[in-house]
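The same subunit A turns up in both complexes below, where it pairs with subunit B and then with subunit C.
After this line comes the complex of A and B, so read on.
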């Protein structure tokens, strides 16, 4: 049954998955092309010096890309079902409702993580050829909170999209915005290093919030 | 599952409230305490202050309460306002019984800022070592960087991203020969070409012994610096001031503040009573007669006047700066560049 749910989610979101993959990889690739251009014009030395002396990481343009991809993924996955009131059909499947929803979230989370991992791989593939390990690790580690924010945006938007009442949706939205702010407080590259494991754990726990929306939905709450 | 979800949601809301309510209060309600601009005057023999009164007029005073005009204030701080004194044709021949020229003042004046933000931050682990005896007037940035490993100093050519084995071996051998135990505990340098001269790095080795390491004509210069008995250095701050009189400042594990003289490598204790650079910021405004040392602490701003000759404490002044902020959860801090949850009182 879970496989069937994964298949259903795939059918629902496959075009968006392709678009998200292209956008995420495209932005990562474009950022690397810009780095390569600097390299060819001014030499690799210039990159190293700018990184060491000015704390630059050259990939700032990627900062909000995962956030928007995660947010849009949840909208694409859940908003049509909620709008057409077909989400209740999923709950009538011969499987626990919470398990069905968890499977949907696992699908979305896994796809997003795969897309983000490919972007990181694209960056690593180029950066490790021109930069010392300390420097490319510096860039990759600095981007991790942004990708984590993408997963958080997906789970929090799912929570909001699945909520049946508008009053609660607004409240959830305020909470979600404040929670997402935590991922963008960095005063310097690699500022999140020590906090990342805890932040990753809390991010995964945001999936619990969708269970509250599910409960409200099943209770038939309406505005 | 629902119960766990509800508890988790309640925890999240509680965290957000403990974070956001104090943050909003501190932004819109709490007022910061301002203190007057303060410098020690060797001419007046006490601290001199400059602040706006209630009518936004400048008030010039010294610590005894005596008031000055703007011109008189320039004269009691001649090393700070020397350019104004030159413009007015009032620059004195002697200050505190010592014959001086504007050039002497210019060379001996220095400012040094030490902030916890510079210490408590993510570090790259690689840095540049300039050529300190290039024979040219202007310094040039090198084409390599170095890292300190468990077993030595490793230079990496930036353009090829490859290790310069010969140079690495040369520096490692020299450092080990001088008694340096890898890896380094701390190092401090100022690898920029926007300075007058280069002193390379001061380093603490794995046993916290102090070394001066620089590159002269492509070769390593390594000097072990003897530390006073019982002193355990914690943080190093290279100076490279125009006067070339000092090599670096050191803070030790007991909170004492030391000066290393450049030519003799003598390590001298200053009269600063206590300083924790990981939590407190320091500003030193120095001249040929005295140093005014300002230390910003949690609830006070302390000023210490040191003699520029023997670094002894001449005078001190403390302004109380009680915190008006609400305690609460913060993710960032003015003391470090890390993001992590912390409860701030």
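After this line comes the complex of A and C, so read on.
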């Protein structure tokens, strides 16, 4: 039955999955092309110097891409469920409602992580050929909070989309903006390193918020 | 007879507005029960409670002996639900939706679904959101037939359908329910459709049940009385007489009492020369609930 839920989610989101994959990989690839251009014009040693002396990481353009992709993924996945309240169909399936929703979130989270992992792989594939391990790790570690923000945006938007009342949706939206701000507080590269495991754990915990919306939906809450 | 659906003393409010109080009813196995009521009397609220999407303020509902709030998810295999407007997953095609649902129901009857789909003039790869409301109703009906559940809960099945599709839906549903001994609880705002389909009816007014009985019994008893009176004539409230109205000098009223009894009660108020006629379910509904 879980496979059938994944099948439904795949039908719903497959075109967006492709678009998100192209966008995420495209941005990562473009950022690497820019690095490669600098490298070919001024040499790899120039890159090293700029990274060390000016604290540059060359991939700042990627900062909000995962956030946007995560948010849009949740909209693409959950807006059709809320259209004419067809989420009722999912909740009427002979499977525990929380299990059905958890499966939907696992699907979305796994697809997003896959897309993000490919972007990181693209960056690593090029960077490790021109930079010392300490330097490419520096860039990759600096981007990790942005990718976590993408997962957080997905989970928080799911929470908002599944909420049946507009008043709470607005309130949830405000809370979500404040929570997402946490991922962009420190501008310095690798500023989150010590905090990353905890941030990842907190991000995963956001999936529980969707269960609150589910409970409100099943209780028939209305504006 | 075993009750498949049972609601006991349901009370529900939206905010401070009372929808109904101490509502109780039961649907025995193999019967088709229609819930009739004007807009806002709580039909969809009742369906939402029965399908577990609304928690009533008090009281309890059971389907197949299980309390709805604590129902084992697998019991839902035995309950088909049609959501108002024939809502289905709009992003799926006819084939995809069949493949999806078939994984959840062990008794899935693929042939029943495709037999009905063969009547639709749509390609198997056409998405549901590109279908007319009538075609969507057939998809929903096909899925219900394929699921082969014991209990069917149908919310306003006639919404948005033209007469042809309504008739097709009603005839298929009636034949299926009777042949397979299914228990059906349904609502519709088109009462002529209900008359062809249901065995028993509940007629609701704001906050209460007016009548709960087999349709045959209701139509056997219910009569419309008409006569001529003075234009300003006003009938006193009389027990057993429903919704008397005078338009110009024509008076109309309804009753389930024996004819002699009605005539005697009206004669006491100086009203005579009554014409009596049997009515259909729609007129009985109007007679009980009023025209507005």
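Simple rule for what comes next: the second predicted complex is superposed on the first by the 222 of 223 C-alpha atoms of A that agree within 3 Å, B and C clash if a C-alpha of one lies under 4 Å from a C-alpha of the other, contacts with A are read in each partner's own complex, and residues count from 1 in each chain.
Simple rule for what comes next: a contact is a pair of C-beta atoms (placed from the backbone, for glycine too) under 8 Å apart; a residue touches a chain by one contact, two chains touch by 3 or more.
Source: prediction; values computed, not measured.
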Could you say whether A:188 touches subunit B, subunit C, both of them, or neither, answering first, second, both or neither? first
Which of the two partners, first being subunit B and second being subunit C, lies in contact with A:85: first, second, both, or neither? second
Examine A:219 and indicate which partner it touches, taking first as subunit B and second as subunit C; both and neither are also allowed. second
Which partner does A:178 contact after superposing on A: first (subunit B), second (subunit C), both, neither? first
Between subunit B and subunit C, point out the one touching more subunit A residues. B
Between subunit B (first) and subunit C (second), which, if any, makes contact with A:44: first, second, both or neither? first
A:3 contacts which: subunit B (first), subunit C (second), both, neither? second
Could you tell me if A:168 is touching subunit B, subunit C, both of them or neither one (first, second, both, neither)? neither
Subunit A positions touched by subunit B in one structure and by subunit C in the second: none
Complex interface listing, subunit A residues touching subunit C: 1, 3-4, 7-8, 11-12, 80, 83-86, 88-89, 91-97, 217-220, 222
Per the touch rule, the subunit C residues reaching subunit A in their complex are 14, 48, 51-55, 73-77, 79, 81, 83, 85, 87-92, 96, 99-101, 103-105
In their shared complex, at which residues does subunit B touch subunit A? 1-2, 4-6, 8-9, 12-13, 16, 19-20, 121-122, 124-128, 141, 143, 145, 147, 156, 158-159, 161, 191-192, 331-332, 337-341
Flag every residue of subunit A that touches subunit B in the complex, lowest number first. 43-45, 48-49, 51-53, 98, 129-132, 134-135, 138, 145, 175, 178-179, 182, 185-195, 198, 205, 208-209, 211-212, 215
